[in-house]
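Look at the two complexes coming up: subunit A is in both, with subunit B in one and subunit C in the other.
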Partner chain A sequence: MTELPNLIPLLPEIVLALAGMALLLLGVFRSTDATRLIGHLAILAFAAAAVLVVIFGDARQVTMNGLYVTDAFAVFAKLMVLGASAATLFMALKWMEQENAARFEYPVLVLFAVLGMCVMISANDFLSLYMGLETQSLALYLIAAYQRDTVRSTEAGLKYFVLGALASGLMLYGVSLVYGFTGTTNFESLAQGFELDQPVPAGVVVGLVFIICALAFKVSAAPFHMWTPDVYEGAPTPVTAFFSVAPKAAAVALFLRVMVAPFGDLLAQWQQVIVALSVLSMLIGGFAAIAQTNIKRLMAYSSIGHVGYALVGLAVGNTEGVGAVLVYIGIYLFMNVGTFAVILSMRANGRPVEGLNDLSGLSKNRPVMASALAVMMFSMAGVPPFAGFFGKFFVFKAAVDAGLIPLAVIGVLTSVVAAFYYLRIVKIIYFDDPAEQFEPIAPQARLVLGVSSIFVAIFFVFPLPQMVMGASRAAQALFGG
Partner chain B sequence: MTAFVFYLFAALSVASGAMVVTARNPVHSVLFLILTFFNVAGLFVLLGAEFVAMIMVIVYVGAVAVLFLFVVMMLDIHAVTLREGFLKILPLGSAVALVLLSELTLVFAGWVLAPDIDAVRAAPAPDLAELSNTEAIGAVLYTDYIYLFQLAGVVLLVGMIGSIMLTLRARSGVKRQDPLAQAARPLEDCIEVKKVAIGKGV
Partner chain C sequence: MSDWPLLSIVTFLPLVGVAFILMIRGEPGVVERNSRNVALLTSSATFVMSLFLWFGFASGTADFQFVEKTDWLPGTGISYHMGVDGISVLFVLLSTFLTPICVLASWEAIHNRVKEYMIAFLILETMMVGMFCSLDFMLFYIFFEGVLVPMFILIGVWGGARRIYAAFKFFLYTLAGSVLMLVALLTMFMNAGTTDIPELLKYSFAPGLQTWLFLAMFASFAVKVPMWPVHTWLPDAHVEAPTAASVILAGVLLKMGAYGFLRFSVPMLPQATADFTPMVYALSVIAVIYTSLVALVQEDMKKLIAYSSVAHMGFVTIGIFTMTTQGVTGALFQMLSHGVVAGALFLCVGVIYDRLHTREIARYGGLMHCMPKYATVFMLFMMASVGLPGTSGFVGELLVVLGTFQVNTLVAALMSTGLVLGACYMLFLYRRVVFGKLEKEDLKDLPDMSGREVLMFAPLVVLVLWMGLYPMPFLDMMSASVDNLIANFETARAAAEASVPAALALN
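What follows is the complex of A and B.
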């Protein structure tokens, strides 16, 4: 007779899984006219999970035979994922109704994707990591191909699926090498093994590089970014909005945990790989975005660049660096959710538009929307006093403190390049001749846009100290402090 | 004797694996894939892992490969057009393969077991004399690894939702039988009683 494992820390995941199944049944019985109801219930489930995460997650607990861990780091990352998912789902429902594409499977699949993300964030073993990653990825492939009647959506889904399967293969190969050379897949046992101060077997290092490649694919860091622009452009806009925030935050959190928890003592082995990924992502995010004319494609390159900046903090590899990454990603979520609230509202003549020149002269047609978008763009470019500046500031400060000065210099230079295309959007909105007027912004998008632009604008007054404190607590928890 | 059987299975599986990627006809590729699976199952039996061997045959050969075969037969694939870019990417591909091969050679050349490796082993397999390996798997699958088992169920559920979502179409204008509506029709709508005069039709 075996003892029942402690299920209390697992409650958020259990709630998400049960909610997913219950809403699926509800959807099957009520058919598509219940999409809005199911969407709102899914948001409620996210809120319930967030409450449970805050109540039960904070102290470090390991359960399910060492497969699952919760700590302050997991709490921080899960709150980011749950919040971003709820905001994007909230906006998506209205867009889908307007497009006549509302189906109840969408909120259900988002719920299962978020369940996978929570499992990933709380993984304490390569096995649970892989199961979470697959739950998440499978649901994401499906919602990328969600509008199956349009060629671009199905193409996006297929591309994402094929390349994602390749990344999963790389991950499994790397994990099998690590397992073969160490005899365990558990993060704690691995960390114990590497503490022993023996020469690290070459097999572990090769496996580690494979795992880094797979994770770089999932966070879309260059040179594993090729799928990102195509998928972001082809997928329906609310799906792109979701892709650019929640899975990104979850994958970055997973990246941090995998690098720090089991392989923290191998910093010398992986630091150079992360530095290379970071520099390439910053360069590609900066230069490739300049030529784009489609705003979703532009946001894809922008997100590649932002991942590059976040990886600067990981390359530092200490508490300060990891805390800076968490602050950076937290700010990035608000900026991206706000920007996508505008992109979702880009509708002219009853259909969505996504060209950059459709935005021209927006300040004359929709002044409030234009000023909110301008705030987002200034923040993304890293202009003080907006939130984006502080994200970059903490990351670069951590890099300079740790002596990675060339990396910080490259980061500052590429953010100047990136500022060009962000500010070009501001120029298009304010100084070009007005294009066709957009339809009125939906109330959901207006609410999300309002909250996120206020956050970005007054970040240095209100949530800055709290967020930095939370992030540094989370980072300390990750380093076992 | 065991060594001979091992080399037989190993050589056959490598050879048929090579045939999978070089065969001209995709159907032949799938058939060679099935042969590979059988040989690998044989290797598992040699290792004393009869459960994994049977799963290999039942799941991979019985379900996956047969499904592959159907898909390959249904898709109209021209092997010749598939190979058009082959020569172009051959140098790059073989360079990558060579780098990987040399890396792996280095890896396995430097193989040493740490003296205290036993301390970090996660789930040591029980002695075969005490417990058959089917029982051993059963003992941990639903206890120690229940979390992963349940998650695998979620992955399958998501796959099921997805395949239905991407293929099911609600077509309008299709006449379907609705037994409930048929049974609920009032009598007056269904039967009409008419007086028929003698010598005349209705």
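What follows is the complex of A and C.
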């Protein structure tokens, strides 16, 4: 009789999975529409999972025959994913009701997607990685096409599915090459194999490049970013809000783990690739966003740019760099959630609007909302003293410390380009004449916007030192320190 | 008094005012009146607090005073470190002095969104004061860039017809410069292992690295000063900005660049400073002569004063890079004097702009007949800008020219032509606006300055004459720090000269 593996570290995932199934049953058996109830229960499940994640804490534990690992890094990343998912789902429920699009499947699908993300983050083997990735992706394809009666939403879902499947194929191909040349898919065994100072087989390098391409697709780094603007624009706004935070954070965490845990000793092989991805993302994120008129599309390019900055930290490839990426993504989540709280509140004449010009003169109609959005925009542009500046600061500091000064210079200069379009939003809301007034902001969005804008504005006083400490502990855990 | 965190109080007191203004509710008229009152009260209180710096400052030492230090970012060594020395203390006072005057200047000129305007102004004051007090490079950088946000809003919302263009140009020009300084900051951090300014002042950077660091910081400070050829944002920003924002822009923001040179480039990178001095001389001389000529042909009063600011700042940069006692002291004094005088000139423009809503020089003429008080005040500041003995402008310019003569006669001769040209364009402006016959119909019934306006100008007049007739209190405050700066510079240069043959011998 085989021994049962230690399931205790998996409890957060188990809770999420059971909650997902239970809520699905509940939704089916409730005769009346129970979206709101199920949504709130799903948020409760996220909170429960977060508590469990914190309780089991920082100690590194490997279980499921080496498939699954939990450590300080996983804790940090999971808390980001769970928090961002809860915040976006919280706002989504109200929006769905306003749009008569409330269906109980939505929270359930989000729950399963988050389950997949948690598995990804804790993957210690390419098999569990792929399983988590696909659990996540399948749910995401569905919610992208969630408004199945509109052409845009179905198109977004289909596009995402086709390109996502291609990326999964690349990933599998890369993994099979690595497996073929090394004989293992386990991260620790791979790392041990590369520790020896032997020439790396060419097949491993080719496989590694395939894996990087697939991961670049998942984090939407240029030149694998093509799907992002279309999907962000086409998907229903709450889905876009969710896409821009939780899967992004999970994919970046996965990217970090895959690059560092098994392939950390091959830094020389993958560093240039990441540098190239990072520079291209920063440039495309900066320049392509200038011409956008749809705010969701603009946010898509903005997220491509932010991934570029995060990848600067990965390109450094040491503890400091990884810690900087975690801080960056953590701040990015708050900025994006806050910005999407505003975008979700952009409703005139009973329907949602998405044009940048619809924000005209917002500061006269809704001064508080306008100032919160302006804070977000200055923060995204990286202007101190707002939070976004500190994200950039730590990333560039890591790059300079590692001698990647040209990369840092490109980074700061593209941040000036990006500042232009963030300022354009500030210009539209403050300098232009008022457009039609929006309907009152929903209480959920107001709460999320309030919390995130206060976070962004006073970040340098309160959570900055704590967050930096947490991120550096997480990064050390990843490097086995 | 000595154990109070005086600098933090002066820096963050305006934010308390912001909090109060945010809480104001009620009828639009009441909100506007209360916002103005709170802003005036807060900025005056801040000024009063900053006077403790003036009285408590010990002139005999070059050490940093009123120092506060608290840990901020654990593990990085970045701390909240505040303090002032003879170089920075007067700029703190200049900022706190000009802000209440600016609030007064906006009293009637601003009628829409008064609440937001006052909030932006008070935040701006916090950023300016904090920047001059910072003794940590990181902290300095945050305040240095933080200034951009309220200024962008001030120009963009309350500015003139081309305000959006001007606001963007201002923001992006300055941002592009300062992000390069961020890279320099990070590089210094990596090499010296600290961002603490007193520590960085003791650290000597490798000569090759100094060149790059100097260029990166130059990109930031030269835009801010502004030096030719990166000065083009200034005329646009000045012309479009509301009067009070122009005053702060000319009075304080332009000094941030020169202050940066004195605080970072010169003392931390002495080798590179010596190497790049000819370049700075060349750019500054071009600025002095070229922008003076440009100022001669301006049709817009604000633009003329903006170009004259660029020319005056050319004197300042030359003075700093002479690295003589007279040159540096003169540059510092000229910065203070220009802060007061250029600010006052923009207020003078503002006074008639509020009445006629045009800044076109040709629309005026003969104002001495209907506005005698105004004509007198304007004349005084015009003379101070020209550098007439007895006004503050004279002291600074004389010291700079004296200092320059000691090191480079050619530069001194060329920059002196700037003095002549300065007299030309200012007198020309004054003649066209104030003298002549009062021919235009709508000028005849212009009211002279109101009580509020007199109140606004009175402290400026007193200060200009005081600084011109008895500059010793100001010079005393600077002297120890300036001497220390120059002594350290000479030591570092001598050490570098001595090590060059040694290095050659090793090869």
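The rule we apply is simple: the second predicted complex is superposed on the first by the 478 of 481 C-alpha atoms of A that agree within 3 Å, B and C clash if a C-alpha of one lies under 4 Å from a C-alpha of the other, contacts with A are read in each partner's own complex, and residues count from 1 in each chain.
Operating definition for what follows: a contact is a pair of C-beta atoms (placed from the backbone, for glycine too) under 8 Å apart; a residue touches a chain by one contact, two chains touch by 3 or more.
The structure displayed is predicted, hence computed values, not measured ones.
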| item | value |
| --- | --- |
| First, second, both or neither for A:A17, with subunit B first and subunit C second | first |
| First (subunit B), second (subunit C), both or neither touched by A:A72 | neither |
| First, second, both or neither for A:E105, with subunit B first and subunit C second | first |
| Touching partner for A:N186 - first (subunit B), second (subunit C), both, neither | first |
| Residue contacts on subunit A - larger count, subunit B or subunit C | B |
| First (subunit B), second (subunit C), both or neither touched by A:P384 | second |
| Which superposed partner A:Y430 touches (first subunit B, second subunit C, both, neither) | second |
| First, second, both or neither for A:F460, with subunit B first and subunit C second | second |
| Footprint overlap on subunit A, where subunit B in one structure and subunit C in the other make contact | none |
| Complex contacts: residues of subunit A adjacent to subunit C | 363, 367, 378, 383-385, 389, 393, 396-397, 400-401, 405, 408-409, 412-413, 415-416, 419-420, 423, 426-427, 430-431, 460, 464-465, 468-469, 472 |
| Of all residues in subunit B, those that touch subunit A in their complex | 103-104, 106-108, 110-112, 114, 116-117, 120-122, 143-148, 151-152, 154-155, 157-159, 161-162, 165-166 |
| Parts of subunit A lying in touch with subunit B, wherever the complex brings them together | 2, 5, 17, 20-21, 24, 64-65, 67-68, 103, 105, 108-109, 112, 115-116, 119, 127-128, 131-132, 134-135, 138-139, 141-142, 145-146, 148, 177, 181-186, 189-190, 192-193, 196, 198, 201-203, 206 |
| Of all residues in subunit C, those that touch subunit A in their complex | 72-76, 116, 138, 141-143, 145-146, 148-149, 152-153, 156-157, 163-164, 167-168, 171-172, 175-176, 179-180, 182-183, 186-187, 189-190 |
